[in-house]
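Pasting in a structure now, in structure tokens, and then I'll have a few things to ask.
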Amino acid sequence: MEQEILLKIEHLQKTYDNHTVLKDISMEIKKGEVIVIVGPSGCGKSTFLRCINGLEKINHGAVYFKNNCISDESLPHSLICQQIGMVFQSYELFNHLTVMDNITLAALQVQRRKKSEVQQTARKLLTRIGLADKENFYPRQLSGGQKQRIAMIRALILNPEIMLFDEVTASLDPEMVREVLDVIIGLVRQGMTMLIVTHEMSFARAIADRIFFFDNGEIVEENTPEQFFTQPSTTRAKQFLNSFEFNSVK
Amino acid sequence: MQDLGIRVLFDGENGVRLLLGLVVTLKLSIITIIASCLLGTLMGLLMTLRNPIIHIVTRVYLEFIRIMPQLVLLFVTYFGLTRAVGINLSGFTAAVIVFILWGTAEMGDLVRSAFISIPKDQYESGTALGFSKLQLYRFIILPQALRQIIPPAMNLATRMIMTTSLVVLIGVVEMLKTGQQIIEANRYTAPSAALWIYGTIFFLYFFSCWPLTILAQHLEKKWEK
Amino acid sequence: ASSPDTSQQQSSTSPTAFRSLDDIKKSGEITIGVFSDKAPFGYIDQNGEYQGYDIYYGNRLAKDLGVKVKYVSVEPANRVEYLKTGKVDVILANFTVTPERAEQVDFALPYMKVALGVVSPDGALITSPDQLKGKTLIVAKGTTAETYFSKNYPDIKLLKFDQYTETYNALLDGRGDAFSTDNTEVLAWALKNKGFTVGITSLGNIDTIAPAVQKGNKELLNFINDDIKKLASENFFHKDYEETLKPVYGDAVNPEDLVVEGGAVNNK
Amino acid sequence: MDWAFMQRVIPMYAAAVILTLQLVIVGIVLATITGLAISVIRYKKIFLLSPLSAAYVQLFRNTPLLVQLFFLYFGLPKLGIHISSEACAIIGLTLLGGSYMAEAFRAGLNSISPSQIESAQALGFSPIQTLRYIVIPQALAVSIPPLCANVIFLIKETSVFSVVALADLIYVAKDLIGLYYKTDEALLLLVAAYLIILLPISLAAAVLERRIRYAGFGNSRTL
Amino acid sequence: MEQEILLKIEHLQKTYDNHTVLKDISMEIKKGEVIVIVGPSGCGKSTFLRCINGLEKINHGAVYFKNNCISDESLPHSLICQQIGMVFQSYELFNHLTVMDNITLAALQVQRRKKSEVQQTARKLLTRIGLADKENFYPRQLSGGQKQRIAMIRALILNPEIMLFDEVTASLDPEMVREVLDVIIGLVRQGMTMLIVTHEMSFARAIADRIFFFDNGEIVEENTPEQFFTQPSTTRAKQFLNSFEFNSVK
């Protein structure tokens, strides 16, 4: 049976001042799919994710979530956000709150769920990412990798149907990258629908169902990971991938 | 000579009067600090609105208040304002007005800079989690801004307490003036009273301000990111 | 309030309303500006009570008005302002009558008279104003001494302080060569302070000291004048002297050099 | 307004401005030296001197200059220590200013990250060279905004000098009020005189700060 | 002909408080060799480099540069530093100096070379790394990758005989990593002797003559890159390398 289409983006266009950052992007994401977006810096990947969850207004086109148009102004933004979780490059935890409060605040205040239930869920999630002992710590007492993992479960606790990850490992020291990516791999195994922007190519190859290569605000290539990494169909993708390869010097 | 001087401190009501003077000092400080916090917050929020007229008005107000010595403001308010508008101000009221004007300006600037220093990412993460504008400010932005404001606001409070010593020069009877009265009443019998009285006042001021300074430093360290 | 007065008060120099006699009586309290640090004329004792020659009369004035009294501590330099801005109803702060001041306030009949005296250390006694040329004379701001010396002896360097306390301290600490203020005051002080003598005992005209009210406050002025005249019958100001000044001055001062009874000055 | 009167008394104000500036310049120079010494003592954590310096800073940051002056001018002579008005003013300004300047310098020194010093070491700079070429220029840049603020603060504090019988601006204004009862004129000139002293300095400070920020020295953070 | 031995480390030991961070490390580096050190976080890699160029005192053992013992206290530190260049993870340019001044300051003040010569050399080096137009910029006007490249030529201008690189790309955004590594590749081609700590495995493989694997303050394995990445001889190295591999999840 064909999987339900969770997210549909149609002819999305985004312009800052006179500079068109996204030009006519269309994409469909089925439930349970893992989509990875790669591309050079400034090609519009972050903007694309921000347009989807409503942080940026779009100029043309539409975004549908379960066949409802969510790029419509009239919709309350908080409704969208509870369906679509997002984690940023800069692990922006709330500095004045403990780990537990960071995780539970939105569930309590936005979703108005019961405190006992939310805290229990939070503890379960913390245990899953191996940070059960940190619930009363403040963000400044944590490493970058720990913060980023907590930012993830802060989004997950709202039970989103789809998660957007924007270069979540880009500001991390190399040895922390793995612990964060492992959390995402766990989500893949659980069948979470995800849209991931990353520069970790071997990671992308391992988890993606489909890879989109963006350049200059356009989808230049859409491919399976296997195809994309071994024989990309466009020269621009080829060039891009080359920059991750080192030819032996010695 | 010296023991004569120190005796004055314990003579009759003198010690109590000095402390009552301190009460006036603290009363003036507390009234004006609280009012400045409230009005300053309002002004700070006004300043974060990017309205050019509000911007210019608040900026000129802030700069003028900052440039003028507080003593000059006290003089102008006490003598000048009374004559210009015919309002009969007591020295105490004049002091209250000047300190609130000054405190509001400084506090407003603190509030403004605290709000603009909260990174954009904090607003965005909150929005991405579905918080409404009101919730965002209530749970995320305000608490963080407060943490930034409180230590410098306490330093401002310390400066305001210290500056209340100037009101003696517009005739308000507070700690310093009481001290001068005591010295004067005893000038025949204990000429060295000045040393002891001024010394006592020096330390009374110190112990009024120092705990605040220490607390501010402590909080700053504690909340340091 | 009596209407004629309220219309008259709007003179160009003083936009501030004063309280008429009726206002004061109605409020049940009179506000009097006095010194709080000029013993023995106006000061606060160790129990926090106002005391002194001026206060003694202030109490009586309030009693004769049938109201309570509230004292406000003033400084030499701001006495006129206090009155002009209506912060006090009457000034009883050793206020010497001068023509300049009479332009600003209305003086009642005098209750004291005084000339200037100059006190200096025995080691370098000053006996005539000419000796002060090029030297430093300490004065308190806003006093007759200040006006007198700046007018008549511009060559003398004046060291001015706000408070009497400070002037005496300054003299003791050797910050000036001499100190000048009312002769009674320096005489009394020199008595208690070994090593200092009043080298000039009477300088300038004999000045009178009188209560002052805001310009145009006729009713109150008249009341005070009548009061002072009436008090002559009981020799009130001599009694005042005995109570407040005698303990300090002892025999150094002759009460007749100082006390003015019934507002009548009999110049020597 | 009595313009003729104002013209007549302008020289008195001018003299007061000059006196104020003289005292303040000496005071600020001494305060800066004191502050620099104190901050280096605390930065290097010199035995015994360091806690003493900390106590000094606390003591003088938390007491009003007016009270300090009263104590110096009227209190100390009772102990047989006689100090002239000018000296009192300068000592007061130096002690108070020193404690503020020390904090400003300390902020600068603390803002230099250890890795800057290590980078310099790795390039072969000697400790003295590191201090001279790397630490001090950067620390100064961070310290300049609070230093400017302190200069303005100290000039404003001079308004209490009249209590030790120095003919500063407040003294002149009070004199004129007491002698001639020309309150409006005296106050107007008083405000004008302070504006003339402080406005250019405050504008210059703002320009200086902006240039430093533009050059990218340190991260500007003011109190 | 055997190449001269440039750097020799013998039985180096380093202890912080009671914690021994480096235990008996010995190593010889020949002129022109490129040595890469890899290992998990906290294993002592940075400390090792810092001991070599004298930023840390060593507790036991000795470091010889061209047969002269340089771990001797009596030697002036600045002499060592001119022979041994070092670049750190955090591109610590001097914020108050322009690019040109950053590069030339040490050459002028420490080596007391002529200004005209030094500036000419600096311009040549800037041109080589493609930043000739930036000489009057201040560090804050540059990207991370640009700063790091300038930090490199700031060390190179002193004509060191050996360069130490400590995770020079760890704080960089992915797209800047390549431009920095390319500068190192250029140095390899010129025959510069180098000791490189890195987490970029494919880069390490491409440039290293020998790979040292550190763990827990010890050299656990020394190997050729080919051998090390395809069939490491120790299980600890195997485990470590595994953390860079992603098994396909889909």
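Letters A, B, C, D and E mark the chains in the order given here, with residues in each chain numbered from 1 onward.
The criterion applied here is as follows: a contact is a pair of C-beta atoms (placed from the backbone, for glycine too) under 8 Å apart; a residue touches a chain by one contact, two chains touch by 3 or more.
None of the values given here were measured: they were computed from a predicted structure.
K.L.:
Mind listing the chains that sit against subunit B and also against subunit C?
P.N.:
Where subunit B and subunit C share a partner, that partner set is D.
K.L.:
Looking at C-D and D-E, which one has the bigger number of contacting C-beta pairs?
P.N.:
D-E
K.L.:
Distance from the CA centroid of subunit A to that of subunit B, rounded to the nearest Å?
P.N.:
49
K.L.:
In whole angstrom, how far does the Cα centroid of subunit B sit from the Cα centroid of subunit D?
P.N.:
Taking the average C-alpha coordinate of subunit B and of subunit D, the gap between them is 20 Å.
K.L.:
Just the number, please: Cα centre separation of subunit A and subunit E in whole Å.
P.N.:
Centre separation, subunit A to subunit E: 35 Å.
K.L.:
Counting only Cα atoms for the centres, state how far subunit C is from subunit E in Å.
P.N.:
86
K.L.:
Counting only residues that touch at least 2 other chains, which ones in subunit C make the list?
P.N.:
78, 81, 162, 169, 172
K.L.:
Of all residues in subunit B, which are in touch with two or more distinct other chains?
P.N.:
Where subunit B meets two or more other chains at a single residue, that happens at 79, 83, 169, 191, 194.
K.L.:
Among the residues of subunit E, pick out those that touch two or more other chains and give their numbers.
P.N.:
none
K.L.:
Quick one: which chain pairs are touching?
P.N.:
Here the touching chain pairs work out to A-B, A-E, B-C, B-D, C-D, D-E.
K.L.:
Give every residue of subunit D touching subunit C within the complex, in rising order.
P.N.:
Those in contact with subunit C are residues 74, 77, 82, 84-85, 162-163, 165, 171, 174-175, 177-181, 183.
K.L.:
Give every residue of subunit B touching subunit C within the complex, in rising order.
P.N.:
Its residues touching subunit C are 11-14, 17, 20, 79, 82-83, 86, 88-90, 169-171, 173, 177, 180-188, 191, 194.
K.L.:
Residue numbers of subunit D touching subunit B in their complex, please.
P.N.:
58-59, 61-64, 66-68, 70-71, 74-76, 78-79, 152, 156-160, 163, 169-170, 173, 177, 183-184, 187, 190-191, 194-195, 198-199, 202, 223
K.L.:
If we count contacts the way the header does, which residues on subunit C are in touch with subunit B in the complex?
P.N.:
For subunit C paired with subunit B, touching residues are 15-17, 36-39, 43-48, 72-75, 78, 81-82, 84-87, 162-165, 168-169, 172, 189, 192-193, 248.
K.L.:
Tell me, which parts of subunit D touch subunit E in their complex?
P.N.:
Counting only subunit D, the residues touching subunit E are 113, 115-116, 118-126, 129, 133-134, 137-138, 141, 215-218.
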